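Report on the structure given below.
Per-chain numbering from 1; labels A, B, C, D, E and F assigned in written order.
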Amino acid sequence: MSRIDGRTPEQLRQVTIERGWSKHAEGSVLVSFGDTKVFCTASVTEGVPRWRKGSGEGWVTAEYSMLPRATNTRGDRESVRGKIGGRTHEISRLIGRSLRAVIDYKALGENTIVLDCDVLQADGGTRTAAITGAYVALADAISWAQGKKLVRAGRQPLTGTVSAVSVGIVGGVPLLDLCYEEDVRAETDMNVVCTGDGRFVEVQGTAEAEPFAREELNSLLDLAVSGCDELAVLQRKALDTVLEK
Amino acid sequence: MSRIDGRTPEQLRQVTIERGWSKHAEGSVLVSFGDTKVFCTASVTEGVPRWRKGSGEGWVTAEYSMLPRATNTRGDRESVRGKIGGRTHEISRLIGRSLRAVIDYKALGENTIVLDCDVLQADGGTRTAAITGAYVALADAISWAQGKKLVRAGRQPLTGTVSAVSVGIVGGVPLLDLCYEEDVRAETDMNVVCTGDGRFVEVQGTAEAEPFAREELNSLLDLAVSGCDELAVLQRKALDTVLEK
Amino acid sequence: MSRIDGRTPEQLRQVTIERGWSKHAEGSVLVSFGDTKVFCTASVTEGVPRWRKGSGEGWVTAEYSMLPRATNTRGDRESVRGKIGGRTHEISRLIGRSLRAVIDYKALGENTIVLDCDVLQADGGTRTAAITGAYVALADAISWAQGKKLVRAGRQPLTGTVSAVSVGIVGGVPLLDLCYEEDVRAETDMNVVCTGDGRFVEVQGTAEAEPFAREELNSLLDLAVSGCDELAVLQRKALDTVLEK
Amino acid sequence: MSRIDGRTPEQLRQVTIERGWSKHAEGSVLVSFGDTKVFCTASVTEGVPRWRKGSGEGWVTAEYSMLPRATNTRGDRESVRGKIGGRTHEISRLIGRSLRAVIDYKALGENTIVLDCDVLQADGGTRTAAITGAYVALADAISWAQGKKLVRAGRQPLTGTVSAVSVGIVGGVPLLDLCYEEDVRAETDMNVVCTGDGRFVEVQGTAEAEPFAREELNSLLDLAVSGCDELAVLQRKALDTVLEK
Amino acid sequence: MSRIDGRTPEQLRQVTIERGWSKHAEGSVLVSFGDTKVFCTASVTEGVPRWRKGSGEGWVTAEYSMLPRATNTRGDRESVRGKIGGRTHEISRLIGRSLRAVIDYKALGENTIVLDCDVLQADGGTRTAAITGAYVALADAISWAQGKKLVRAGRQPLTGTVSAVSVGIVGGVPLLDLCYEEDVRAETDMNVVCTGDGRFVEVQGTAEAEPFAREELNSLLDLAVSGCDELAVLQRKALDTVLEK
Amino acid sequence: MSRIDGRTPEQLRQVTIERGWSKHAEGSVLVSFGDTKVFCTASVTEGVPRWRKGSGEGWVTAEYSMLPRATNTRGDRESVRGKIGGRTHEISRLIGRSLRAVIDYKALGENTIVLDCDVLQADGGTRTAAITGAYVALADAISWAQGKKLVRAGRQPLTGTVSAVSVGIVGGVPLLDLCYEEDVRAETDMNVVCTGDGRFVEVQGTAEAEPFAREELNSLLDLAVSGCDELAVLQRKALDTVLEK
């Protein structure tokens, strides 16, 4: 049985990771998972938020947002509504936590890195694309900071790599990397964030239509782990390219 | 090895579920998981939000909030700050999704039930206590609506029961129902929402210090499922009592 | 002629003042005036707001709020609406002024006490119940601060006691401590805050239906003063009990 | 003993009531109590707020505000801060209630009158000047509505007149109509709103420094009633003038 | 062909500039352009915003606002809506820029002057009246600051004078100083701010109905320059009067 | 004398206009003026805002925003601050007015087109690039609406073309299409919006350092008109290409 877009159940969409997409940001990536496109920038500033001053430790945080016409019908801007919605808050927090999982705060020193993930076009899986792309922008930003001697030599602030993918059960079949049309029809929907060594940073599974059984959970986790593995390879490849700025 | 409060790893705190705590609400519960106390009310109104009108289907939603001094140091009120924080949004959405998982919208008809979960005292696990208590308030509200003939006879709007518990790994040991002090020290923290038949509604695991391995995830899920089972028994017991209002 | 709930015109509802209702707050009380229940906490922090720094004087302030289903029909949360309503502002200010009337700022030293009064269930008189309960929470918080040596020995920050009650004219008859149903039907409504020695801290009378004459004002003041006296006795009794925490 | 500005204790400041100060508003007044100047407009619109539709009854409401430099040091604009402060809310509500006390809603019909009271210069007593001026603007607006046949003939929407004044105890002496400098030093401060027949619409007394005794309250009420009487005469005089527009 | 109000195309409305309209502000003016009346105050404070500290330079900024019933139909207050509209922002920024164009920041020293321009009555041209009036209030405030020695002697913070006027094409005819009725019917609308020596500070032309040609632009600029000249004479006259405060 | 980036004074930066950049929007363009990149989408919806219903006329409006790291140092998101800044408001209004200048509302019928202009990277001239790009997106959206028969045949809603460019005086020399570094050093800065037939839609000139003389204004206008002409050619070229979607 093949999927809407002809993929097999365990197949990712075409994933591209373009670095150096901004002339201003210390790290920047345009990541695509099929038609989902997220623009990720990493901004480095010296110093940390007030509550962390004097700790000798750095901080990493993230903000996620959708352009109003990233989706099929235009949504109101959160700036115009005057407040950030729950979904935006939730995803921003998820991205921040995921990337902090591979940061050694001491090695980063009292520097702050903000990851901005702006969805230019949405077709399902925007949060997992954002995490996967933001990791690459973060890695570039840290290299930049090391080049500028903002970060002390001898200790690597990045303790590993991190990537993320969505999985779900559609029509009883576990699928990897859902596009929007699949996502809408999924009975169960899960976002999984893994480190490069195959361990879990976040597991967020939600029953959309029907509660799910332990075996279903297990097969979804299997799919997700292998998807994250593939993404980790693509991240490494992207970072191995020499970036001319 | 015993825990801070003398429990074994797989032991819940003392859980109490007091119904009928409000003279106004259609369903109301004061739920305690040890020192965590959440006041849950279920409010029934005829009609549904605009986007659902004419569908013949009902709606269930939730709002979670903490009193400013529910915690050890006083927090600012979100009403005073003029906006709702990300954590509040995230938990409100989780509670809503969890309870909608056991609702048959058609059977509910065009009625709306709002679950308000206000934390009077916090000691870890407020979101899982809220879900567990809100289920009981919801059940009472539905009975009330059936009594008032707001809900048609012959089809039960509740398709099952739902309860929730937190689990985590502290000092390498998987523990059930973390209190605040354990939660702060946890390497991994997971909230699990189950139906009464042992299937999953939500699984949210987060690596706080270290990414977690598949086996750790598995043992946390085992603990959580058995904890939710126990809570389902307590919910049933609470609902079996005749409530004099 | 007896009242809706069988009371005589000059009779209070059953008033209970339960101390120690929070394990976190320095002072805490659940106060009930009949079915009106307000949870009051007093939070002590060292230091004062910026405009008072270096003055050697302390500060006391209050925040009042209603849980959304404290009333017969659910009200929107002010945090969700993104702003505090006029009624909430007005009552918070009243509670703050009332309690500051019995505070010696110099004796308090540069400490701040915030009184949070959250209405769990409303049946008229929530602001007067809040003041009456908050006084007891405040007294406990000051004792705590004295025990911790935050407040210098030798000078008592509390210069007196304070309690409050509502009075009103219903069907031409002056009544003490109106319940909601009476309040709605009152021609004139007055909230009076007195010190334990029978003097006035606040007098707020409002003609709801008809302007009121000087004699009516006088009889309402008589009722209120005697009601506050009774409440002062109950406050003292509550504070005389040894609280085991 | 004479006052800061040479008045006797029972003497009003110079009060002027200039009608027709706006070419747009249906009623408009510039009222001065000494250096306190408030610009009051009354705006009539057909129709009533949603919750009152179909009742056949009208509505009157008020909004009070201070220009940023109405005071000795500039205050931030509430529009810039993005929220209305408690004091503004409280005074707007007081003005609205005071004027509604002399309105027959049925006679007004389904029309709404909004009273805007903007303080151009403040020197104490802004809320009482606002009520006194707004009454005159309201009377003009109602005449206008009668002229336009928006209000049915035969029944007068105004059931009486209303005026307001502040009183207070300064240095032990009860004083009428406090200017700012007196207000700051007052031990007790009271705002009283009376109808033209000498009955009370609002009595709001606050102990600023010391609780006040019943006799003090009584002498303040005496002063206020006679002050309101004088203001009622000035209101009548202003309204008797033929206004050329 | 004469205009609605009988003026010739190149004629200003009657302009009055009354100084000393506030007893609190360091400079204050009530400016009228026909029925447009704007109350301008200039408030001096020592110190500058954070981003300018230590520069030795001062700052001048402006806030524009309309009273709710300045216009023919009442508008909602921006403080009530909780946000400032685009038009208000735009005009506040224009006024600030216009007045900063004649300020020598070094000569002003680290002092801040805020210009508040509150429209009491609107009949077209409120922003240009505001600029013209604010200049006079600013000049008075600077004199005050020089008198108080806040500003060092020997160097004049004002480098010139500034005035503003609106021009537009109505029915094909270029007109000076549009009143509201003309403004509504204008095909092209332009606001011009000039210094006393006839140079431009701001030129803002907008096609309302039809794009405009270069010759039209030229004749509008001619009109505006001569109008600003006249206003500069009136400003000088107003400032030459001895102000008794 | 050549410019920072080697251009002559009357030379545009490299301008590219890529259509079809979004799979969801009815019209979409990525426009670049050198390093300034703006993503413009045009969203068509049937119906118009409430105040225009039943008029038979359509509506066009615009929203401008900068991604947080579009600039050299990261700026806070307006959604996070909870309000839109004055600059954003001003530019959104300018874009909307500019495009409405070439719309025949009757021919558009009761449809609304929203133009979203999100700056991905800023290097001066973002508002003029946005207008130039938004015109092309608008033209595509209107073609789409014609294809869908939302717009009646026989009457073209677009009455002309519109483009915009910035000009300024830097070091005494009038320059076309300023990059950021030039913009910062400009003595005078002007944004000009022209129709394809060389008439003006908007002229906004601002003295940044020194008031400007009439001759300077004239030479800036000359430059701008010829720049807009060139841009009109590029727009036409972009629209002549067949877009494969």
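Observations on the structure shown:
What we mean here is this: a residue touches a chain if its C-beta (ideal position, glycine included) is under 8 Å from a C-beta of that chain, and two chains touch if they have at least 3 such contacts.
If you want to know which protein each chain is, UniProt gives these names: A, B, C, D, E, F = Ribonuclease PH.
In this text, all values refer to a predicted model and were calculated from it rather than measured experimentally.
Between chain D (Ribonuclease PH) and chain E (Ribonuclease PH), the least number of touching-chain steps is 1.
Common neighbours of chain B (Ribonuclease PH) and chain C (Ribonuclease PH) under the contact definition above are absent. Using the average of C-alpha coordinates as each chain's centre, A ends up farthest from chain D (Ribonuclease PH).
Averaging C-alpha coordinates per chain and comparing to chain B (Ribonuclease PH), the farthest chain turns out to be E. Distance between chain centres (mean CA atoms), chain C (Ribonuclease PH) to chain E (Ribonuclease PH): 51 Å.
Inter-chain centre distance (chain C (Ribonuclease PH) to chain F (Ribonuclease PH), centres taken as mean C-alpha positions): 59 Å.
Computed centre separation for the pair chain C (Ribonuclease PH)/chain D (Ribonuclease PH) is 29 angstrom, with centres defined by C-alpha atoms.
Shown for chain E (Ribonuclease PH) are the residues that touch two or more other chains, namely 82-84. Listed in ring order from chain B (Ribonuclease PH), with chain C (Ribonuclease PH) immediately after it, the chains are B, C, D, E, F, A.
The touching residues of chain A (Ribonuclease PH), when paired with chain F (Ribonuclease PH) in their complex, are 22-25, 28, 35, 39, 41, 43, 45, 63, 65, 67-72, 74, 77-80, 82-84, 88, 114, 116, 118, 120-121, 123. Here chain D (Ribonuclease PH) touches chain C (Ribonuclease PH) in the complex through residues 83-87, 89-90, 92-93, 97, 101, 160, 190, 194-195, 197, 199-207, 211-214, 217, 221, 225, going by the rule given at the top.
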